[in-house]
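Next up: the structures, one after another.
Shared between the two complexes below is chain A, which pairs with chain B and chain C, respectively.
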Partner chain A sequence: MKWGLALFLTIATLVLVAIAWFQSGGMKQHAMFSATTPEAAVQALMSDIQSHNYQRAFASLDPASDTDLPSFIRDVAGSDGSLRTYASLQSADVSPLHANQDEAVVRVRMNWSSAVGSLDDVRDLRVRREGSVWRVVWPKPAFPAVPPQVVSVNYLRWEVIGRNTSQAWGSQDVDSPKVRITSMNAISRPGRVVILGEVENEDTIPAYLNVNATLLKADGSPIEEEGSFDMISHVLLPKQVSPYRIDFPGIRMEDVKSVRMDARALLVPASADPVIAITDQAVSKDGLNRNVLKGDLINQSGRPVNIAQVLAAYYDDSGKVIWVSDGYVDQALMPQVPVPFAVDIPNDIAQRLKNYRVIVNHYSRTSS
Partner chain B sequence: MMRVTTMFLIMTRTRSGSFYGRARLLAVAALCFCFLPIFASAADLHPPATVEAGQAFSIPVQGSGEATFYLVGPDHIVKRTVKLGGDLEIQSGEVSSAGRYQAILCDSSCTFASFQVNAAQPAHLSFFLHPSRVPVSTPNSIDATAFVFDRYFNLVLTPAVVDFRITPASGAGFSQRVPTHHGVAWMRTSSTAHEGRVQVTAVVGSVEEARVVQQVAAEACRLNVRAVPSGKMIALETDPVRDCSGNALPDGTVVSFTTIDSAGKSTVDTPIKKGIARTEISVHGRAHVSVACGVIEGNEIAVNGRL
Partner chain C sequence: MRDAQERLALPTATSIWQRPIPVAAIILLALAIHGPLLVMELPATTSYDANLHIFFASHYAHHWFNPWNEKWFGGFSQTTYPPLTHQWIALLSNVVGLTEAFMLVQLAAVVLLAVAAYRFAQLWVDDRAASYAGVLAVFAGSIAFLVYSAGQLPTTMSAALFFLSLPYLYWWCRTASWRSLLKGIALSLAAASAHHVTLIFGSVLFALPVLGLAWYDARKSDQSGVSVIGRAVVFAAIAGVGVGVVLLPYWIAIIRHPIEQLPIPHASRSNLLMSWLYGMNYFIVPYGALLLALPFVVIKGASNPRLRILLLAFWVTFLLALGGTTPVPRWIFGRAFEILTYERFTLWATVLALPIVGLLVERAIDRSPRWGAIGFSTAAVASLALALGWLTWSPFRTTSSLNVDSVISFLNRDGHDQYRYLTLGFGNALSKVGTYANANSIDGEYNSARLLPEMTRYGAAQLTSAKYFGTAGMDSLRAMLQHANHYGLKFIFVHDPFYEPLLVFGGWRQVESYESGEITVWSKDDAVPAHAIPSDTIPAPWEGLMWGILPIGSSILAILFVLFLVEPPSILEGIAIPAETPESVYVNEVHL
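== the complex of A and B ==
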């Protein structure tokens, strides 16, 4: 009986120690230092990145990797207040592309979670065998450096002086900006109804804009009301046109008789800076064989843009808006530096699209 | 004059000494006002049939001794003890609100009479001018509405003429005289062909109130882009962007440049600065360039490499 209790306590202690070791990453560390396959090496590297253990991740790289720790951290964790700096690695899917005795190429699809949704980062990593252990060769990230210079920015800025509330009835005030929905299209998508189109600020002052849609039954009663949320450029400068998309999940098109649209604009302070060029736009396939609209964003101003969102409107051959998609760019837009972007296009839309138009929403950490 | 029953008089006189709150006073006055036409007949109070707001006047009262006087107006009630056998003075502040008034005098019996207080001479204007911005050459786009009030902010219901004087930043001004209907005068006019500040002044007698409409350029017209070499890139530049009346579109208005070359499509939304929109873009080989401002499209040009 006495020996039985001692044996039980010993086994229980060993089990608890094993659990603790497993949970603290010991298994991963073991897998890393004893990665017997290229996939295991990449998987171990991703585990370290996921746990923000960049030093251990860097230590596990192949010595042939022509990078240093700060560059590696900047590459995987982001910098300059970009969206990546606020994101965390949620999952990583690893798939081998080809391999031989000493070297392999492994495709990793990193899925980063952020406040604005998930972000995909697909990379093809070279993995080399060193003795019995495989190690990832991390390519040296190329961070374009802008030559030191002074960029003069003298774009217009609008400020608003509102009406004094103590003034008498009938005293003068400044009207809200005039905006106009220039197109609206209701389409049926799997499991939802989508309202999309374009809206223009027709005024000579900037507008903060929200577009809402209410689906109506045949008797005129509302089914549901939704707003465009982030599928619109909320701040529109004079004569600027933005696409919008409003999703109604769980609604069937057969139930909808009509749609009531409502574009509400507020007068807000705004700046015409920065100007962001969208260059080399083209529809192509990405590494996962999905239809994407790719291009580069170039911040033509002198101040970094921390977070950029690309909004794309797609038109059929009659000029009707048939889809609106968006994508956030996880890198900051440094002045004059091209930053690639890609937004998904559904297959059926890609077959029908004739033209497209892209605009950029931008958010800077310091007030504009 | 109307005379109430003895029972009601006793009730009023015995309870009136304990009335301290304004609400109670109001209740009694309302009660008097409601019951007097039923139980009494007017005879002794002779106020003028109509009085101008804020105009002091007197009502002669006969008899001797003291009585309680109530003046029930549209938004206030006055109660005071008066001596009979003289003139009952009504102060200007007691008849500052326009409307129907009831004068009630109670001693051993109650008498009452009613009179009308009309608004005084125009002294204030509440002037609404919409919109605050309007594109040039837009028919019937400016609405002006003036409400005429006296110095006590009673709406002046007697017809008056409001003179709307329109003064554009350039060109001759004009005016439009509009009579009020129930205290309100309004007019509608078109914006002129030139941008700038337009002052609209509403005038009644010596009272005037000014508002401003900003006439702004309409849609772009004959939007034209040209390409000029700029180092390793190509600069795309518009001619001065104007509307069809020749007014320059304001700085900050967004102009969209689009180029299509072998590398794909490039777009830049750039604001007008000093009258023109300009951007620099790299072009690979032969390219097709177009320009638009809002929903207005401009010309299209073909450029070849670096020019």
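== the complex of A and C ==
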């Protein structure tokens, strides 16, 4: 009995631990890090990136990869305070595209959790066989270098003086800037009602702006109130126009009788710097055959912009705003360096759109 | 050579080595070891939950009979968490202040736990081995881990009270002493009032083995096993009804609003073999040198019929403490596996193992008094040292030590408390802000009380730590910020620049900066003053009255019973705990 029970408990514990190890994917993980298939090699690489083990990830790459460790880390983890530096790999779906005895191409869809929401990144990776092990060939990323130069900055800047700093922010003893909602369009989308349009700062001073909408029933009682959140440019310089979009998930258009709009503006210090130019805009299809608005952003000032958000308004042939979409750029905008962007457009909108307009919001660490 | 032989000679029967360590000495040791650490207020700066419990206590200090707390989540009921330890802190805080009161109650829990380990061990082994178990409890890594790293005061207090009640259950079952019944019941109710989960699991993991032991001992002593079972049923019935009544507002709250939020990840549920850091945190550190004694625990426990049931209880608890390292917890708990955390099982497993470890110490000291004592003292101190050192070496750091005075000052002036606030990157310091600020937060540290859809739909815990929950956390935070106006959320305090981009793009602007820029204040200009959020979870006034009287009343009753209901010696004399079957005595050394 003495040894029997002791032996039983010991063996049972070991068996239970082994079962859980298999259930937890221990064997799968072992196979993955053995990299005996192209998919396993990519999965192992993604696993290392996910755990921020860049050295091991780099060591697992094919020697033919024309890259070095700093470039690899910069490519994967971002640099210069870009959105990628505020992100971590959440998941990676791997699917083989084609393969032969010694080489394969594997598509990996990476989902990154970032400071502003989730980001998707799709890459097609070449994988090569080396003995019994497959290794990913990581192409050397191209980081454009700008020659040293002087950039003169003479953009407008507005400061606010004499404000009573002991007051709560928002309680100002000056008139608020005059802003006007120039268009408002309520549309029905699957599972939600969307209010969109444009708002203009009609004043000669900068405005800090929030737009809220309240859906009302036939009897005038409110159904729901929502704000534009990040689907607007909150800082509007004089005469500047921003699109806005307010989503009401779970609301049906039939239940809505009217909409009450509320645009609240506040005088704030502001600067026209940095100016971000948008070039080569075009509507096209991406690698996954989705409609996108593509283009390049060029930071024309002298300081980096860490995170840029592209906000696009789409118009039909009557000039009415029919959709507003946005996208964050995961690279920092270094001065004078073009950075590509792409913003999704729903299929039905793409068919109806006649024109579009793009503005860029930005976040820089030094200015908040 | 001769000197060495003399030094290592076996002690005489009257030697200090052969006598049990007095319980007073165990208490003094616990005070000496843990007193200074608690005077330094270590849990308040190094643990995850200490500030949470201080927050709960601060509510009782101001609103003893009103468990509705508006400071977190737009309002939540504190009847969702047993109040005993919080109410004792609230009482003592009138004399010494909140944090100091927490430390006093925690010290009481640690001392009681050592005594409880001793008293529990007395049921299974002789007094001397039991006293070693009590001493080892003072140094146990699992206790240090729960106190200084996890900050789980209710768990430690409840475990202490429940283990203290078990000898009375045993004696009630064996002797039908009504005094034992009353003391056992009162201590059980107090244990439930401190932490209901301990009582629920303890009933199976600790009480059943004791019941089995009483039955076994009764049969050995030619007593009726049926009467033992009958008395146990009486005990269980009275305790069940008592717990039902004492914690009635809790049951009402949990039945009305069962926990339906998406599971929140917790490292103790993971497979510890898949991450050495988790393995270190939840296995090596809590068990410490006890791991070296496990072979003895298994072999000795299996070899002695009286200890066999204790061994089985330890084994099951040990498996549960491993979390996702074995499939057992998932098999047993089903969906509840994703709600429970498993570090507390390590504490329970430790206390269950200590009686047998006490035997090991006894045997070692008998064989070699000096080296046995030195060896086990070193192992015990090393276990405690590892658990305390891990507070520094562990990558899992808390932010409890963050200075939040400026945040509290901001919220308590100029009418800022008419809005709700949020902290980002504050970690456990969130509770400190909540304790001392007049304003209400939309966030909170107590996951089970969250009912707002922005928090329950995503499978993330505190918004202040949103980024650690990946997409789920950031989506939850984003949803809450989008509804800022609805909740009157105007001020956000940021201690981690990671969150700044979302605030900038979402329409907040930085308005203040404190602690040399370490903490920034962000504001939303169009936020309207917060209004009460309607809720059907607000307890009725009678529930508040019950909540303010019965749990603390049960603990006072337990104290009075233990102090004044002394068992007549005649009762205990008639019933003997069978001694451990002596094993063969071997001659250690023969010197010719």
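Keep this in mind: the second predicted complex is superposed on the first by the 321 of 368 C-alpha atoms of A that agree within 3 Å, B and C clash if a C-alpha of one lies under 4 Å from a C-alpha of the other, contacts with A are read in each partner's own complex, and residues count from 1 in each chain.
Following the convention adopted for this analysis, a residue touches a chain if its C-beta (ideal position, glycine included) is under 8 Å from a C-beta of that chain, and two chains touch if they have at least 3 such contacts.
Here the structure is a predicted model, which is why all the values come from computation and not from measurement.
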item	value
Partner chain in contact with A:A282 - chain B first, chain C second, else both or neither	first
Which of chain B and chain C A:V268 touches, first, second, both or neither	second
First, second, both or neither for A:E226, with chain B first and chain C second	second
Chain A: partner with more touched residues, chain B or chain C	C
Partner chain in contact with A:I307 - chain B first, chain C second, else both or neither	second
Which superposed partner A:T204 touches (first chain B, second chain C, both, neither)	first
Touched partner set for A:K239, first chain B, second chain C, both or neither	first
First (chain B), second (chain C), both or neither touched by A:V358	first
Residues on chain A lying within both footprints (that of chain B and that of chain C)	168-170
Residues of chain A touching chain B in the complex	154-156, 158, 168-170, 172-175, 182, 200, 202-206, 237-241, 272, 275-282, 295, 300, 356-359
Sites on chain A touched by chain C in the complex	1-6, 9-10, 13, 16-17, 19-21, 23-26, 29, 83, 86, 88, 90, 111, 113-118, 166, 168-170, 208, 210, 212, 225-230, 232, 234, 262, 264, 266, 268, 306-307, 309, 361, 363, 365, 368
Contact set on chain B toward chain A in their complex	125-133, 147, 209, 211-212, 216-217, 220, 249-256, 263-271, 273, 279-282, 293-295
Residue numbers on chain C that touch chain A, as the complex places them	270-271, 273-274, 298-299, 301-303, 308, 311, 315, 319, 322, 324-328, 414-416, 467, 470-471, 473-475, 478, 481-486, 497-502, 504-507, 509-511, 520, 523-526
